[in-house]
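Each of the next two complexes has chain A plus one other chain: chain B in the first, chain C in the second.
Let's turn to the complex of A and B:
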């Protein structure tokens, strides 16, 4: 049975081979042209949904008073009132509570975003390293635990957000409050009326950490599994304590993975948006709070949906892009010295 | 430090519950200050034995003594050993200096002393000018030296080497094996190394231990093992080109091969496996008549190949004693003829 199948595959391949010879289908294209042909479907989609919007953002940002107007004959037409080089950037940066908190709120969009990036990324990376190292050193039920830790990765962000919102309910109904009660800590409001800024932020950060851990753990674990056992045996003969084995051998050996994870999670954290919506809704504000938890991407969506000048959304995107680019370059520079390939 | 293995066994059990006896009730004494080679084919248990001495494998049964101390239960870090792995296991992200210093980081010594010791070790193995390079920038031979320096920097009582030359090319191998011998002599450290290469073992060891199927076959100084193999396995394993083995018969203290009188040999009557080392053949006036042999003259030596029955025999004789002819008479002196019991393979004297 298996043999007849293999024979069939073989003869089909022969048929194609002969067909190719008969039709003289040997184009002898240079390799890069072949590569381009194979890449073309992906390139087409990328240019439509990634490259074109990027170029468009740089175009929109120099307009003032940009509007899409429907003509009498029903055709959409762009109308602008003029051009500006940095006007839109200035507008975005000087907007209320973009960089610093203003009079009517105690939070700012940039600080919100930076808090998420610089708190959740280190925590989630350190936690993932710890979990990966632990998982790697247990033998029974290893794949079971691997599956469990991987579940968040395939779960919808909004669904996790709803669960988080439920867990952090105020009063005695919330799981987290019930848990703290065991230690005699009074229930508090996390995400509802009466929640303080840092409590709400803590929930958001916890979400970011949890959501990102699955992928990080998986990458770190595969990295650790690739380390030759002999390094550990050599370290064991030298009576190296576990902690030093981890910091001096394991971490440097998987530094390329750690570097990759740092770069991608910093970028990911800067783009935080759906978790804010999932937990705090589209106002990004707990009831009655004098702050909000809007991120830069949230702010961009605000510009788009409020019907305000779309050039401002473009400007905000470019500002985000610039921040991420600068930070990534810094990381690359540091990585050159610290990452061992 | 004398190493003594008593009744040592290691049984590996795989997932299906199948047992593999890697080392089987092995008794061995490795004398203090000697360089001893564990020699055997792949899967004979030599590396397992080494790793048990190192404490990386736990013996299934039996005991290991370092001097008078029973170290069977001690973990590897408490045994005071240095181990050089087959592929060196140098930390690729550290410089040579950091690699050699790494074992010292866990000792309670002053940093200055550690720095000093690293330099001493580097000088001993001859890599003092490479200290700030990464292992990846070094040649295989240099990496090997770094690995030895790292193993020795803690001043262990025992140095263990796992296939130390297998990753080196032929020229480096020759150089490195002399180097290992020199380092061992200079430090006087009890050294055990594992190899499957008989030439390597013979050339540098003070004593060799031939192993097969997890059992010691023979242990002695190399030349004695070579000239007096205890059994057919040892005889076949040592020597290049390998020993010729052919069925023969002894009657009235005369050895007959294929019904032809071959030589005088004092032994009880009966059938034997006869072992003849190629280089023990001599061209003589009386002996085995060989017609139309295949002859390769390789400089100093001449290789003569011929068949007795279905068995091809190789004889290595001095080129000066060979004169081209269609008929050569070959002989082997009686004391160079090895007789082995057909069933057990043990030598018969």
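Let's turn to the complex of A and C:
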């Protein structure tokens, strides 16, 4: 049975081979056609969901009053009221609460984002640097600690964000308040009714530090393992104090990594969204507070969810893109110079 | 040492692992069976109800059932890692590595087996310990016990101090150095432990809260940091899976994850091959264009992609109830990834070009070369990509949530993925003033988190090597 089948397959193949020879058909395709066949699945998807959206974002941003309207025959058509070059950007930037806090609130989107960038990022980088250096200096239990430190990276932001929200519950029911009570500090409200702006921000920053340390520690660790031991031996011969070894050898030697981490974490801080949703919900506001904790990306999703003015969402995301592009260029510029010792 | 006898010991070790594996299966089977027996109330369980069960002909109540399940869970948590570690160790252990340390190891393992109610494995491990001692140290178990006794006696005996004339200054310097070194070590470990504790406490609090009653999690002041085994409410997990429909959301997530990962692997392998091996005009330009898209924030795409999949484009979502295909909208845009193409291309490039030339000389086609040579060689990388992609889909939140939020909310609810469900599912108490039942919400978080941790611990090597090159999360 199996043989008959095989024979059949081979004879069919032979027929095709003869046909090919008789017709002088050359199946050796030119290289670019072959490449196109291999690339086509990826390129098709990428052009639909990556390249076209980029172009489209720049197209949408020049429209005013962009809307999708259903025709009489039931087909959706784009309708616009006019064109503008920078009108949408101006609208986004001057929107209530974007740069300046509006009259009834005490925070703005830009202030929130900058608070995260300038507090959460330095804390987590310094902490990860110390952890990585300490971890690099010990031998027993090293991989155990490494495993523990890596856990936050693979967890679901939403799941652990909800746990954080529960840990920071107000009154005596929250774990954090319970902990502070040991030191005689009265329980306060962190994320619920009555929370002050900085307390709510502290929770967000704590979560950012907790969540972000895993990746940083890993990168720093791999950087430190790549340092030539000779430097340390030379320092040991000179009896250099440990602190100076850290500041004069370790840090300069891994400065490219530190710089890479600075840029990626700043970008990451600009993109904070899921953790805000997890801890504060879709309003990004503790009950009854006169401020919110929205970030730039949160603002973009607000535009997308409301679906009212798509052009504004495009403008806001292009602004974000510009910020990230600038940061990346700075990184490339300094990374090329590599001024680290 | 006799090789033949070592072979026998190896065989013996295999039997031990088989017995351990059998017991693990029994534990898990029993746990699943008991879990399936739990009675779940159809209304939010605001008060603790003590149900009567008849299991294996015994009449027990919820407290006893909870205790049994807690014990089984503890047994599983202890046994599985120990067995895996022991299996890995024995696999690579050479015959000259069998010494009294291995024997001690087996002895300790035997004690653990006794604690997890595994008498068969206990007896076998004691026997293995005895045999290894006999083989390596030429004395048996009795002698070993005697020696331990002597050792302990010697420990309490006063040692005669050997007085040596030493340079006092040197002595002091050495002492000082030792003290400094010791304190440094101590503070290093203290610092690392404190940080590790800070990392770990949220996980601990999550699992603990997931096992508490509604009363304890929501209403008690100062929730306890430890609870007894009989108080562990395993019912919470079943309530979340069945009444809050998390089993449906997990199924959705797995479906989306597996299909989109398969698609991703298919498209990225082909594309990476083209970029790594095929010579065509504009290859490097195209590749750098692809790389450039990596720094564009996802928010820029999401806007247009949302229009593309909705009525303005393909019409996968936002239509009349019943005409929507949410899964298509969730899967198709994520069937490829520039980063994975880049990652795979790097690996493909490392495969020597000569292999490709040799295959060409032998008349094999490009496709055959790809499937027969490149994919097997790049297997570990492809596996890493698979894991990372599955984890990515498991954690996907923004896009799936956006997709299911348009149109009929009740229809979209059936297509939620777990992350969206964590935020939006109904964890509320009944009544006029519904409150979030934190124990249920956190139980759902635990259901989402624990599989990831298990996968991570099993496949740590692959995940960490992939993440090391990937850049930031999300």
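Here are a few things to note about the model shown:
Just so we're on the same page, the second predicted complex is superposed on the first by the 275 of 341 C-alpha atoms of A that agree within 3 Å, B and C clash if a C-alpha of one lies under 4 Å from a C-alpha of the other, contacts with A are read in each partner's own complex, and residues count from 1 in each chain.
As a convention for this text, contacts are C-beta pairs under 8 Å (C-beta built on N, C-alpha and C of every residue); 3 or more make two chains touch, one makes a residue touch a chain.
It should be emphasised that the depicted structure is a prediction, and the values quoted were computed from it without experimental measurement.
With chain A as the common reference, the superposed partners chain B and chain C fit together side by side. Contact with neither chain B nor chain C is seen for A:8 once the two complexes are overlaid on the shared chain. In the superposed model, A:244 makes contact with chain B only, not with chain C.
In the superposed pair of complexes, A:155 makes contact with chain C only, with no contact to chain B. Annotation for chain A, partner touching more residues between chain B and chain C: C.
Applying the stated contact rule after C-alpha superposition, one finds that A:19 touches neither chain B nor chain C.
In the superposed model, A:255 makes contact with chain B only, not with chain C. Once the two complexes are overlaid on the shared chain, A:43 sits against chain C while remaining clear of chain B.
Touch criterion not met for A:126: it reaches neither chain B nor chain C.
Superposed on chain A, the gap between chain B and chain C at their nearest CA atoms measures out to 5 angstrom in whole units. Once the two complexes are overlaid on chain A, none of the chain A residues touched by chain B in the first is touched by chain C in the second. Within the complex, the chain A residues that touch chain C are 31-32, 34-35, 38-39, 41-43, 45-46, 48-54, 56-57, 60, 68, 76, 78, 127, 130-131, 134-135, 137-138, 141, 145, 147-160, 162-164, 166-167, 169, 171-173, 175, 178, 210-211, 213, 215, 218-219, 222, 242, 264-265, 267-268, 271, 273-274, 277-278, 281, 297, 300-301, 304-305, 310, 313-314, 317-318, 320-321, 324-325, 328. The part of chain A that touches chain B in the complex is made up of residues 228, 230-231, 233-241, 244, 248-249, 252-253, 255, 340.
Of all the residues in chain B, the ones that touch chain A in their complex are 54-56, 75-78, 81-83, 85, 87, 89, 91-94, 102-103, 105-106, 150, 154. Considering their complex, residues 184-185, 188-189, 191-192, 195-196, 198-203, 205-206, 209, 218-223, 266-268, 270-271, 273-275, 278-281, 283, 286, 290, 293, 295-297, 299-308, 311-312, 332-333, 335-336, 338, 341, 366, 391, 394-395, 397-398, 402, 405, 418-419, 422-423, 438, 441-442, 444-446, 448-449, 452-453, 455-457, 460, 463-464, 467-468, 471-474 of chain C touch chain A.
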